[in-house]
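In what comes next, subunit A is part of two complexes: it sits with subunit B in the first one and with subunit C in the second one.
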Partner chain A sequence: MLPTSLGEGPFAVATQGLTKRYAREPALNGVDLQIPEGAVYVLAGPNGAGKSTLIRSLLGLARPDAGRATVLGLDPRTSGPEVRARTGYVPEGAGGAYGWMRVGRLLQHHAAYYATWDRDYAGRLSRALDVRPERRVGALSKGQVRRLQLVLALAHRPSLLLLDEPTDGLDPAARDEALGLLSEHLADTGGSVLISTHLPHEVDGLADHLGVLRGGRLVAQAPRERLERMLRVYRAEGPDGWVGPEDLSGVIDRRAGVGRELRWTVWGEEGEVVARIAASGGAVRDVARLPFEDSVLALLRAKEAS
Partner chain B sequence: MRISINPADARPIYVQIMDEVRRALVVGALRPEDPLPSVRQLASDLRLNPNTVAQAYRELEREGVVYVRRGQGTFVGERGAAGAERQRLARAVAERALLDAHRHGLSAEDLVEAVRTLAAGQAQPSTADA
Partner chain C sequence: MSRPRPTPLVAVLSEQVRAVGLSLRPGAALLAAVLALVTGVGASTALGAGQPLDFPDEARLLIGALGFLLPFAVWRGEKLFAGAWLWTLPVERRTHVLAKVAAGWVWLMLAVGLVVAWLAGLALGTGGELVATATGTIADAHGRITAVRWTEPAWGLAAPFTIATIGYLVVSALVVGLKRPLWWIAGGFLAACVLIEVLDADLPPARVLLAPFGFVLPNLAWWAAATAAWTSLGLLAVWLAASRHREG
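Right, the complex of A and B next:
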């Protein structure tokens, strides 16, 4: 019932049946991720859903047990270094490497590695995010590391950004600044972005595609406009004992409202759903699209069988 | 011109931007031949996807409210004069109020009557607008 394919592309990232097991537990289970070129794709899901494993597979940092991935036209299993050179990556967590290095030295190190590194832009990003070159990397707080990672990811103006919980550990002011820098990056490059998050409301204004990962499975992915058109909450009231239409398809959630009111969350064409509810004897009082975060919650709760 | 966006609003974000531009025209904050902020600037200020801002500008251009000067940006057109947009904005506000009335089980007549009574009993609320 829920949409899982975005059609023909062109895609900056596409995987087919990507599967990864740790011990016996599947961390990724047949994932067909599709990130259209130029999209801001938000990958939502609870902690442990497999988001980081998926991103690491795209960079050739984790080896899938089955399935394939194409990233910027390359296969990350055989062309990992090329993929990483053309991608801006903010990894999960603080990362232990380079602790002894000064921040400024680490920036120079990256400048030498990336052919497209823009020194002026790196300087502007560092000032905007208050990243200080004289500090030692190992002495930075979690939020400071995050800001440094954002500078490192953006300063070579990559055509693909893979951001794993990029706002994690940022205080509200730094988060706001980082989102503004991402907007500018998008306006300047027209590039593609994957943002994994368990706090989707933070990236509400940027997202134009949503994928929901649960237990290693991509349970839904769709463009934002399709999501907003198809996923809606209906409130209706009916006579005493009214239970609504019996075989309404696409129902994600049904609950009693106040008094004789019933409330459905449905994936479907609004006209059809309203007609079905009306035909069963109810008066539809309100049809509303869900806020972005509520859409994610609804899709996460959608029944496994659907 | 100060544009504000509310993610919880029922209107899609690009529609909210369009309505905010109309509002700025009606209150006189924007006049014909004034420039709109660049897509990059507005997207960055509001932390939005630039495509969303571009979509709002395209729709406003299609309606003749703004026009694009090659290489210079987007400007308010003659049709964007306060009078012309007044009606459109009033319709948009009325539409939202009607929807809300329906949600509360009220008819259009109930709403109109309440608005009349309120307007008669009340001086224009002062809205100091930046």
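Right, the complex of A and C next:
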């Protein structure tokens, strides 16, 4: 019913049947992720959906139990260091880095590991994000750590960014600044980015692809343009007792509106859906495109319904 | 711009030496202060009494004990079994662990060297001896008591380095390879005590410190063999522990 394949590549990231269990609980369940080269792919899903596990699997930090992944043409299980050399990573949460280190020293530490580290760029990013080198990492707030992590992820100019909740903890001004720098980075490098989030409206302006993960399953993935074209809300009225078309395919949600009005959220070609509703005796009053965040919610509901 | 590749081993090692050195700085400063205080008091007391200050025999074991403690400082803050920061860097994970262990060892040897040099300097400066001479009695197989005079061999001065190295390797293996190393160390110690008690009530625990593989050894050949055996065992343990974190 919902789209789960983006067709032919080239893909910066592609997984086939990726499965990961913790104890007996599946964190990922047969995920077929496809991130086209040059795409800004937003992976949305509630907390615990498996987003972080998926990203960690792509970096070779978590070992999948089944399935395979290809990242920039490499298998992270056998070429983890190569993948990480070409990838900028913002991990989930604010912990992890050396709390005893000063920010400036942590930047030097990272610089030593990346041959492509651009000191001037790192300096510019630090100034833009107000990352102060004299501060101790352990004394930074959650938002300050997030900004530091963004500098660390971007400053070696990777061709792929894997950002796990990158706006978590950022105030609106810092978020705008960070997303602006991210746009610049993508314009400069032509790279690809995966942004995982449970707050999709925060990255609405950047996204050109959407994937929805729930309970370890990729419910849907599609280019934004297709999402906006295919996912619509239809408002229609009919005679008393009218229930609408019985076999309307692609229905994600159906609700009773005011009076004799019915509302459907449907994945399908608008013309076909309108024709089906009309053929069943209803009159379509309105067809509306869903905002990005509402699209995510609708796709999450679709999974619940199924 | 060069093509992104995993970090070369030399770069990893040199950065780890710098980073581990930075992380150890507060502990090293504290240790230096304590050492200066203790030796300063000892030296002034000895000189006040008009006696020279010998290189303390027991200091060898104490200095060697640095090696048993250092791994905890080197790996402080690294959650090796829960998404360590180290793993996110572009280096094969087992290699990364070994590089960090090696970096810690470099600083350990430097610290041991400085402490030994400081104590040796104090001994030589006050007219004392570097190697201890002791007298005592031993009983032969027939129970006859004989007085003996024992002079510590000069190669014994290397003992702090080897004891520290072996201790460092063994404890590093535990810290790197186990989720709860302190629990295992405490549990292992208790289990060993119980085992010794159950297996042979007459066996003195100090027996494990004696030849052929203990710390108290009669000649250079035995000492070299025991050191090589324990060092090899330590290296193997570190390799196995690091292998728990290998890629793939």
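Here is the rule we go by: the second predicted complex is superposed on the first by the 301 of 306 C-alpha atoms of A that agree within 3 Å, B and C clash if a C-alpha of one lies under 4 Å from a C-alpha of the other, contacts with A are read in each partner's own complex, and residues count from 1 in each chain.
Everything below uses one rule, namely that contacts are C-beta pairs under 8 Å (C-beta built on N, C-alpha and C of every residue); 3 or more make two chains touch, one makes a residue touch a chain.
Everything quoted here is computed from the prediction, not taken from an experiment.
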| item | value |
| --- | --- |
| Subunit A as common anchor, with subunit B and subunit C clashing or fitting | fit |
| Which of subunit B and subunit C A:300 touches, first, second, both or neither | neither |
| Which superposed partner A:97 touches (first subunit B, second subunit C, both, neither) | second |
| First (subunit B), second (subunit C), both or neither touched by A:204 | first |
| Which superposed partner A:128 touches (first subunit B, second subunit C, both, neither) | neither |
| Angular separation of subunit B and subunit C about subunit A, which is computed from CA centres of the superposed model and rounded to the nearest 10 ° | 140 |
| Touched partner set for A:113, first subunit B, second subunit C, both or neither | second |
| Contacts of A:80 with subunit B and subunit C, given as first, second, both or neither | second |
| Contacts of A:105 with subunit B and subunit C, given as first, second, both or neither | second |
| Which of subunit B and subunit C A:63 touches, first, second, both or neither | second |
| Gap in Å between nearest CA atoms once subunit C and subunit B share a frame through chain A | 22 |
| Subunit B and subunit C contact sites that coincide on subunit A, given as residue numbers | none |
| Interfacial residue positions of subunit C with respect to subunit A in the complex | 1-2, 4-7, 11-12, 14-15, 18-19, 22-23, 77, 79, 83-85, 87-93, 247-248 |
| Residues of subunit A that touch subunit B when the two form their complex | 38, 40, 176, 179-184, 186-188, 201, 204-208, 225, 228, 235, 285-286, 288-289, 291-292 |
| Subunit A partner contacts - residues on subunit B that touch it in the complex | 5, 7-8, 10, 12-13, 39-40, 43-52, 102-103, 105 |
| Subunit C-facing residues of subunit A, complex | 56, 59-61, 63, 77-78, 80-82, 84-86, 89, 91, 96-101, 105, 109-110, 112-116, 156-159 |
